[in-house]
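Below you'll find the structures, each written out as structure tokens.
Presented sequentially are two complexes of subunit A, the first with subunit B as partner and the second with subunit C.
== the complex of A and B ==
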């Protein structure tokens, strides 16, 4: 009995050892807000990372080694994000990391990654993450500037000149407001009203009433759910006919559910993920997007969102950098990340360079209109 | 007075020896040290709040805001205007004290729920200010680029050095607080906790003592604020909201009202626990809540009360044997 036990143990121990020495996993960290106020962003991101990890490992891993994505939830809290960053850097010794979900948390953890010389790919939109450039920090979402450029381009084509803006008082709204204030004059447009609402406000009729009195040509709303849905409903209640633009922050089906009938006719910039099936045949992103959507929906039985796409692109970019480098050291990953060009992701086609750690431009967005409770791609 | 100072010195020295030994005990695991550094910073606020709430019986839901005022002041002074670190830190603590003085004078006339409401209101106003004064504070997405601490030629850029800096400060604040509560002032505070009117009839200037302890606890929060800002080199309004004020109160109550040692234990426990619960992904929030409920059910006097009960029990058992 004892001998048999010894034999089994020996085989087991030897077995684990040989596996460990043959293929030590490549560790990539991720810090995301799977719970807390930003969970609507973080949840699909976590799902996407888990799905990709399994897919890559089923296909034999990376450089013959398994891929291990170590995911920590920061609960949308700055201090938890910093603790998670310390854990990834000092305990897990990751070679690269993805995160954080929100701009604030990314800004908080950035200095730790750059002083540890570990590349970090953020899933947050704020331009401040890559401007001024930090040699170790990248980001996958399109910048707010690109969304504003698309909206204003659309408005200019329609001959609008007096614009009212209504932005939320959080990091997302603040970033949008700054870019809008900067770019409106460049398009030769007048900012006739600059109104703000709180992230938890439940009635925006006062702001809209004031805007109606100034009779602008169009209203641009900048926020994430649920505020913009309230605004869309208030607009219908007040009988305002003025065209309304939304930001890419509401480019998920959830917004249409929240706003209901009031969403009809709203126009917004969105990543191509939302309208993948409407893209012309042969568009370089189409096949990738449809594949991602199908795999995600089959596995999680939930609708895919653009935000999960940010995580998809972040991990795929790191994987691409590792494959190109042929080794998984932080320095090699960083060097190859900023050489990536023509890389097709869910958010767009990435053209990285040492001066541009986002690699996207306004072409990453398309304009869509909400028609019959669904997205309708507007002809480019 | 002198003998009481000496009596405090022994346990505090023992505590400091433990602090010095901690990095070795944790085999220089920087992750654990960084959690303890954060816990130490919060423990400084909790000690001040314990003096106010546990000893003097005055509640404050505005301490997160006081903490934030100090953090933002030193951030703006040093990063935006390029003042030397010492000036930034002193003005952070100083401004916090002045704000506490100005707010405390009218507000401390209130009692109980009304005091809670007034301090809550103060906290909300400051929180909105951090969010809206974008030119000054960087707005909701935060303030970046706060310089690291350095004195003379030494820069506190390693986890280890910051750990020692923070916990040495905790020890000093602890020593000051222990001395304070064993002094005439401490007895006066406990008297006004028991009864305002009785204290007043004994010749205690109630209003002055309340204001004194409120400002002192604000100064502690201010010290924590500057340490926090230069540690993270980043601050955002979300760290100084109502939620954090409630967490601070939880730490005081869980640790044990009117026990400074309990306050430190409660802070370390509540700060470190979520990190250790990371292993139980998805379940951690439930476990965290469960632990809090069990603590409040079985340790109504907080952790300090629980420990002294345990000590009494062991003594009785030993005495019987």
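== the complex of A and C ==
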């Protein structure tokens, strides 16, 4: 009798406990590279997540529950990212996760999340993350393919046909090179020179001299700082007048500072964050972008970057999925994530579907020209 | 290939090669006095450039003064490095001392990263950026500064080691420290001077290169590696060989990239180095090792 009473009491107590736990936080994990070589990407992402978490909780949280973002720094190392993934899945028991910052780390942690059936939203650009589609994995940045499509579209409109490419020998450059090699023939263009430089090279005049000798209509450079700044300066030194396109990898003010006057006239695809104030009034992203820039710069006293925007979109997409689902279970979040349509983020307007876990197309980029040391939005 | 293209490749190669040559010269100076390969040499080059940027930003004393201050500070870093890390363990084997220099290099790199972040920085050019046309090639004015100062430093070092009593005393320490001490040479002071001198040479290189090649906390790694390769190519211990090795390495890379394939330019340069070393194991200008038995 006493035992039964105890049992009943226990059930009752546990029951009230689970009612009380309605106010238990919704836990979302994040794995990002706040330190190490990719910290220029990971640091604004961490800041953005902390800022959003506070904003959401000030407005009463999610479904009446506070939001808790559990952030682990993978130090840009694969092993750390995998360890953090294990911890998020087995100890923290998150309902969804954001990460990782880099493509390599994302590819390493993806299988763990899909086998645990927890949705993962990556902030890395590689197309392989969402192609072929993994039912549990999403990503927010635009793909290299979108940037290439924008550049080639611009070049085609100007009637260019002979194209030279100069790519950096790291992962970013070689991924861009593959897409360029694939898409150039589709636009009816000829690849007249396919040159490569090292990430730490300090003089690219040999490559540019060779390219100059082949007299292409345009040169496309694919790399991240400082290489493209060196190339821009070498181009001026050699007196090359040919149009030069850069990749979205240099769409930061730092590049203009490094290249100085040599940056004038370069054309590149960039997310709308860089030119938020130049967007036409009434552009759907304008208000959101200006608000994000203002809030970020006020809180962290640092210039906002496109990379932080990837984290902004990742968390907001998960929040939107939870709100739409009315519950915070991994299955419901995943199902609703791939139904999201017309969602306005910093990177573009997301149209998710079970077949498309990125939800962006080349319209997520705009073409900008560097004029008087600043971005100039080119009208489409 | 027309003359203009040829000159363009040559200018690119000589400019980059000067970088390697100055790093190699620093290796040579310390090796000549102590027998140590100083793997913090690349860090001296980095400090010369990055500190010049920092002084420009902080004090804004004008470019020449900023460069002067950066070179002076780096020379002092060389002194402190020798005093704090080399002298306390000077009686251990050379291998141990080399490991110490690797530790110092990682520490300096880490400190600069923490203090100034991972961004890339640039200095204004010494005399404008309007390229100078020569026989169909166009060359950045800074390239002339780099080549000129490199040759000047090289000539100075050659004179110092072969003609001055101080330089010859330093050289004596590497051959036989005991005998040098018996001749009244203060070996400790010579070792300290060698670290300061090599930091000085490295810093000059870093400061004159930064306007053209930019700098960041981690440029020292590659410069150290290429500088060391240049040293071996030219013959370890010979200042003239070190600089020549650096210039040759730079020219090989430039012509490799321009004429054969830019994807394999490093490989092309190193294949040539291997071939040369098979032909002359002690380097182009190195005297073959002879040991008295």
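Rule of thumb we're sticking to: the second predicted complex is superposed on the first by the 358 of 380 C-alpha atoms of A that agree within 3 Å, B and C clash if a C-alpha of one lies under 4 Å from a C-alpha of the other, contacts with A are read in each partner's own complex, and residues count from 1 in each chain.
We take it that a contact is a pair of C-beta atoms (placed from the backbone, for glycine too) under 8 Å apart; a residue touches a chain by one contact, two chains touch by 3 or more.
What you are looking at is a predicted structure, and each value in this text was computed from that prediction instead of being measured.
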Touched partner set for A:107, first subunit B, second subunit C, both or neither: first
First (subunit B), second (subunit C), both or neither touched by A:169: both
Partner chain in contact with A:128 - subunit B first, subunit C second, else both or neither: first
First (subunit B), second (subunit C), both or neither touched by A:79: first
Touched partner set for A:91, first subunit B, second subunit C, both or neither: first
Partner chain(s) touched by A:195 [first = subunit B, second = subunit C, both, neither]: second
Subunit B versus subunit C as contact partner of A:207, first or second or both or neither: second
Residues of subunit A contacting subunit B in one complex and subunit C in the other: 169
Parts of subunit C lying in touch with subunit A, wherever the complex brings them together: 5, 8-9, 11-13, 15-16, 19, 118-120, 122, 129, 131, 138-140, 209, 212-214, 216, 219, 222, 254-255, 257-258, 261-263, 265-266
Subunit B contact footprint on subunit A (complex, rising order): 35, 72-73, 76-80, 82-83, 86-87, 89-91, 103-104, 107-108, 110-111, 115, 126, 128, 169-171, 173-175
Subunit C contact footprint on subunit A (complex, rising order): 37, 39-40, 169, 195-198, 200, 202-203, 205-207, 209-210, 213, 225-226, 229-230, 233, 236-239, 254, 257-258, 260-262
List of subunit B residues in touch with subunit A within their complex: 29-31, 34-35, 38, 131-132, 134, 139-142, 144, 157, 159, 232-234, 236, 238-239, 274-275, 278, 281, 285
